[in-house]
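Look at the two complexes coming up: subunit A is in both, with subunit B in one and subunit C in the other.
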Partner chain A sequence: MTSPGSTFLERSAVSPAGDSLGGFGSLLHAEWTKFRTVRSWVVGMVLAAVVLIALGVLLGSANRSTYSAGPGTEEIIGHPYVPIGPGGEAVTDSFQFVHQQLDGDGSITARIAELTGGRLASGPQGPAGPPPVDEQLPTGNATPWAKAGLIMKADAAQGSAYVAIMVTGEHGVRMQDNFTGDIAGPAVGDPQWLRLTRTGDSVTGSVSSDGTEWATVGVVEPGLPADVLAGMLVAAPFQETVTQQFGGGGTVTGGPTIATATVDSLALQGDWIGPWNGETVGEDLDSERLAGIVGFREAAGTFTVVGAGDIAPVAGGSGTPIERALVGGFAALTIVAVLGVLFITTEYRRGMVRTTFTASPQRGRVLAAKVIVIGGVTFVVGVIAVAITVPISTRLLEANGNFVYPISLATELRLIVGTALVMALSAVLALAIGTILRRSAMAIAVVVVLVVLPYILATAAVLPAGPSEWLLRITPAAAFSVQQTPLAYPQVDGAYLPAFGFYPLGPFAGLLVLCAYAAVALGIAWVLLRRRDV
Partner chain B sequence: MLTAVRAEWTKQRTVAGPGLLLLAAAVGTIALSAAASAAVNCPGVGCPADPAESSLTGVLLGQTVIAVLAVLMIGTEYSTGMIGCTLIAIPRRWQVLVAKAVVLVVPVLLAGGLAVLGSLVAGWLLLPGAGWQPGTANIGFPALAIGNGPTVRAAVGSVLYLALIALFSLGIATIVRSSAAAIGIVLGVLFVFPILAAVVTDPDWQRHLKQIAPSTAGLAIQSTTGLDYLPISPWAGLGVLGLWAAGALVVGAAVLQWRDV
Partner chain C sequence: MESTIEVSGLHKRFGSTTALDGMTFTVSPGVITGFVGPNGAGKSTTMRVILGLDTADTGDALIGGSRYRELRQPLRQVGALLDAAALQPARTGRNHLLWLAHSQGLGGSRVDAVLGMCGLQPAAKRKAGGYSLGMRQRLGIAAAMLGDPAVLMLDEPFNGLDPEGIVWMRGFLRDLAAEGRAVLISSHLMSELQDTAGHLVVVGRGRVVADTTVAELVETASGDRVSVRTGARTEAMAALADVGATVATTDRDTITVTGLPADRVAALLGAAQVPFSAVSAHRATLEEAYMELTRDAVEFRGDHSEQVR
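Coming up: the complex of A and B.
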């Protein structure tokens, strides 16, 4: 360990920094000089950045994704095609689409007489081949997010813009657009009449219980072209029950479902070009099993439409959220905690603290200066390291065939700045706890136990989902929520569990929890500094 | 050699720190274990949770306190300069390290035994409320009974795990001569590997990471169910941690011998 006492005493005494803040500038300058002249601290800070980047590179290189396009074909590096929605997010776009072409303004009205569904009967089929389609169709209540309704979509390609109004299994009438938009409609009794009216760029969705009195659900501008495909949609998402598994990960139970809608009283207004055309959007969806089952038939103006799949944003799944590449942040955070603690405990060990407090008798200001220096340095180093890691790891992961969830620039900025803030706040927490305890090893262990251990307990240990979520609400580990890039969509049933990277608190609420811990620790440190004899 | 051990014992027993840390390790282990035992649930036969592992979760916390104790044992000597006196008094330096290891391991085994016993009692009292009922065959509550082979192995193994963590920490602290740096390295190694293994999706990488990491390999000793799916068998896993500890101690002894204090 170097012993630079005399040098930084001289430097702080002749500090050129202005005294506009009543000497606080020179105090800052003194603390900054202390930090940068201890070589092992500077090396440690660089090491934190290097470890963060190196583990990101390791993760990008180690995670390989392979798939085969179908039975009998060779496994190749890559991933099944994932459509991207108009908003740039990964989406599921596989459903039964019965459409005509609509040019310009117009409307479509229909009554959803019945919606049934459930798990598709599976297992070995009789020697006489598959049973008739009608006997395979489940007739129970449709699954919670089974959808049947009206849709206007730019084209039949996956991921194109759309707006739809639908009846769901258990979530009432919804108006959804471009995968992420979701408006809950008023509760009306069965049967439900639905209407989509296009006027220029805007589309109005309405609902009625009798076909005469209509209530508006919503008006949206989904950005449709002049000519659209419009008609009926039926979808039934995978029904999964996921429980957080012992030792991390999760267990998935459930399987594909199917829905059958009976639609009648169809009325069209505008420039429609028929005939009705049934199309399975997203053919790759379990196509072999569903072939011959999904589709539509018409008899005397009554349509029976059978569909599977979903038209919704992707909420977790086989893709890789890019924050996984920031796993090195935990190692970097440990190093930063060591530095934050040493920034104050070294003064105690060397007796330097007496000089410091003699030079600046207002001890709270010394603490403030230290907070700014260690927090600021960590933040800058964190921003640089994360900003380097994210693009490199994304490239490596994609080169290894992984699907990395696309994120917007704002989300990327939040990820970079947020991760750096977590590191900086942890350094400040470490400084405060170091001040309180005045013992380095103890203080470092306390910081790691407060910040990292709850994360491990919540994501990779024995705890079930409930207690895990509480740990991620009340401990400083809540702050890692700032790294979460996949969103938890209320309109998609998903495994929103800590083990899959979903946090109970939002990004900024989580960060505030860590802020609160740092603030309380700083408050105690400040009181103790003033009361204690050095 | 006996003189060295007696000297180290005197150093340890005449300050309050080590005793308090041992107490904190035991209390922390039991507290977290009890909390985990109260939190886990096992709804019905076939739930994948492991009663022994659940009731010994507190070892994750206890190991950090033990690491602090071990690191301070030699780190304090370096920070106070006491190490100079020690090495003058006992010129065969490796003996100093051996004496420290002995004086460290015996109390850690005792405190660890207490901690593990307390954790098992907590689990024994709390787990039945979480759905582990006596008699449910495959993963049943009897697995936690005293006298059940795997449970005894998990318990004894957890005590040994704590002792090996102590030796590993002592070795690292001897190498880096700084309590702060040593505790940073030890906790980094203990905690970052499990997180890394959790985010790596490639099964081969994941298995290898869990096989070489001291914490994940060492804690395999706590498993009493699903042994076929473990990345490494319980005793082999503890052996991996033993190798880490031995490696750190050997390198520590070597640099202590050849370095200028």
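Coming up: the complex of A and C.
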């Protein structure tokens, strides 16, 4: 650069200091300088991170879980034992297990003659004590996911590896393994013959309607040890009914159910070590209530097995999904959205936008530079804040006795990057809306109505499930699905509702909805910028 | 790049209002061109069109032969001050210049140089929101000087300046023009430009009503009028009217003569033995010339062929 005193005609023209991006690098540099030189904006960004972290810490410290192991025992900080499956996820592993030991290869075949079940009649009645077990057993149709079938399991401990083939109340024949694996079998008529065949590491499940013509349902490698417990399983999951009222909350009603299976034509091949042993897997089922009811009887090769509980992944309810620690993300998002709006509207308010477009007449590039700066800064701040919040909050929650659903590293990364992306994309959407409207208050109001309001309406159980799910499909709030860590399993009936943290769209589909909103808003902003006088 | 601004045939309407109505003029290097006209005459709109901020319905505005939007790093070619209040008040003066510098691939050392040039060094680290109007004008000039441009375009640069500031601004602009830059400064007060501008573009109602030098404009406005101070008004008028001059009474002891040079008036009055105390050639001020021109622009509105030159 020349010194101020030089005569401009005496020197050669100012050397054009271009950059490799055709001047775009300079533009980015300028927008970054603009952002970092307004102290309230920088403070706002830091505040967004602090709010996110602080609310996560608050949630972790304020939620205390206590339980007592049984009547008369002292309440302690902690939670009932939650088994963890071979895949690392929380599982339910409580069922009636009638088993022998099978060493090495072998097979088991049986016919499920009948499966009945339902809600357990309420409590022991009459002065003469409880009625006979047979009279207590419900004889209606088994509940939809009541299970009766054959199983090979590493041991009787909860959470151990297994593979099973079963008849269900309403979902036909299924072959399931290690809690999350689920293969639907072909539709065959009643009665249903089932078979599990172990060859080395792999186990084949087959189904037949007559015991002679067999169809393979699936072949899986569940990682069983050489010696396994194998035999019959009966389970009947806890049944839940959710009712939601317009404008205020919802209630979950339900209760334990049981199932009764009649099994015959049992045939074993291989090195089996008897006798048949009935075991209730899962101590939580071994309550006084069920003690006299669940179990098995054998008469002339026909087994009657009564069971309750479930052998399946946990789909919410018994623990804390870690994304709840990110409640502050919502306040943080509001802050960054306001910053996104102000990043452009303050320029319009003061007329500074004329200086900006005089310095950089290609207005589309100015918009692009602003998007990168506000989106990039928000993303980095979001990643840092969430990456700090998740482990601290997890540790605090666990120290306070809460069960936090274990998540894989990939899920944790998705939670961190995804939440930061939701914040960044919201800031970009806000910037685009601010560019379109040119007025701070109006633009902030529009962003709140688009992103924040649907989220509150849908997840705070203000609206019933149906409208809530639609809001979370068609508004930018759909993107919060990227935070959902518990999975909605098709093979488990659950209250998969927004109010309980379940989103109608998958994590990336939800994020795409927000992307689409941001892209459309940017498109409109770009067209208007080019057309309008400033 | 040639340091010129060429504006030709700009038309622009805002709804039913005609803002520019065939605006045409050229700004040459090495001279300060004053861009004057009453408020609403189209000065600011013209400047915004030149800078590519507003789009004209028809017509062209070129800087050194190029449209503004085609310029790469335009601040290195054109420095502009449109509105000194167009600032983010929370940003310091230096940081305001810094982002502008960064947008042109320039660094902090150039920012410090222009701050010094405009006498803003002491206030550089204060928030611009607390600047007086005069300081904001200086900051605006500093911003315009960042790219050391060959063309400068300043809208009302004297606004809010104290007398010392006005003197500084005049000297500064004269130096810039002397370096061979093209300098266009707009004002709605001719008096501000009287001692500054070498060339004048006078506008009214969206078009140019005069495009001339200051000397020519004053001469045209003065005409060949002569003021005579005399106690014998009637006799003087009779003597001068006899030779065909137009004579008007200005006040009780002054008459204005048109059509005769001053020495001839004095000779005629002497020959007719009419006593007089003073005969002087009337000299219009720039302000008067301007008032006359813009009044014409109003009077002749609707008559587009009328062009006062």
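The rule we apply is simple: the second predicted complex is superposed on the first by the 506 of 534 C-alpha atoms of A that agree within 3 Å, B and C clash if a C-alpha of one lies under 4 Å from a C-alpha of the other, contacts with A are read in each partner's own complex, and residues count from 1 in each chain.
Criterion: contacts are C-beta pairs under 8 Å (C-beta built on N, C-alpha and C of every residue); 3 or more make two chains touch, one makes a residue touch a chain.
This is a predicted model, so every value here is computed, not measured.
Student: For A:395, select first, second, both or neither according to whether it touches subunit B, subunit C, the two together, or no partner.
Tutor: Neither partner.
Student: Which partner chains sit in contact with A:297 here, subunit B, subunit C, both or neither? Use first/second/both/neither.
Tutor: In the superposed model, A:297 contacts neither subunit B nor subunit C.
Student: Tell me which partner A:533 touches in the superposition: subunit B (first), subunit C (second), both or neither.
Tutor: Only subunit C; A:533 stays clear of subunit B.
Student: Is A:347 contacted by the first partner subunit B, the second partner subunit C, both or neither?
Tutor: Second partner only, subunit C.
Student: On the A-aligned overlay, A:33 touches which partner chain: subunit B = first, subunit C = second, or both, or neither?
Tutor: second
Student: Can A:331 be said to touch subunit B (first), subunit C (second), both, or neither?
Tutor: first
Student: Would you sort A:442 into first (subunit B), second (subunit C), both or neither based on which partner it touches?
Tutor: After superposing on A, A:442 lies in contact with subunit B but is clear of subunit C.
Student: A:457 in the overlay: touching subunit B, subunit C, both, or neither? Say first, second, both or neither.
Tutor: After superposition on chain A, A:457 lies in contact with subunit B alone.
Student: Which partner does A:362 contact after superposing on A: first (subunit B), second (subunit C), both, neither?
Tutor: A:362 sits against subunit C, while subunit B stays out of touch.
Student: List the residues of subunit A that touch subunit B in one complex and subunit C in the other.
Tutor: 1, 40
Student: In the complex formed with subunit A, which residues of subunit C make contact?
Tutor: Within the complex, subunit C touches subunit A at residues 1, 48, 51-55, 68-69, 71-76, 80, 82-83, 85-92, 95-96, 98-100, 102-107, 109-110, 113-114, 116-117, 143, 147-148, 150, 179-181.
Student: Mind pulling up the subunit B residues that touch subunit A in the complex?
Tutor: So the residues of subunit B touching subunit A come out as 36, 39-41, 47-50, 53-54, 57, 60-61, 64-65, 67-68, 71-72, 75, 79, 178-184, 187-188, 191-192, 194-202, 205.
Student: Quick one: which bits of subunit A touch subunit C in the complex? Just the residue numbers, please.
Tutor: Per the stated touch rule, the residues are 1-4, 7-9, 13-14, 16-19, 23, 26-27, 29-34, 37-40, 346-347, 350-352, 354-362, 533-534.
Student: Under the stated contact criterion, what part of subunit A meets subunit B in this complex?
Tutor: Against subunit B, subunit A makes touches at 1, 40, 55, 58-59, 62-65, 245-248, 251, 320, 324, 327, 330-331, 334-335, 337-338, 341-342, 345, 349, 440-442, 444-445, 448-449, 452-453, 455-457, 459-464, 466-467.
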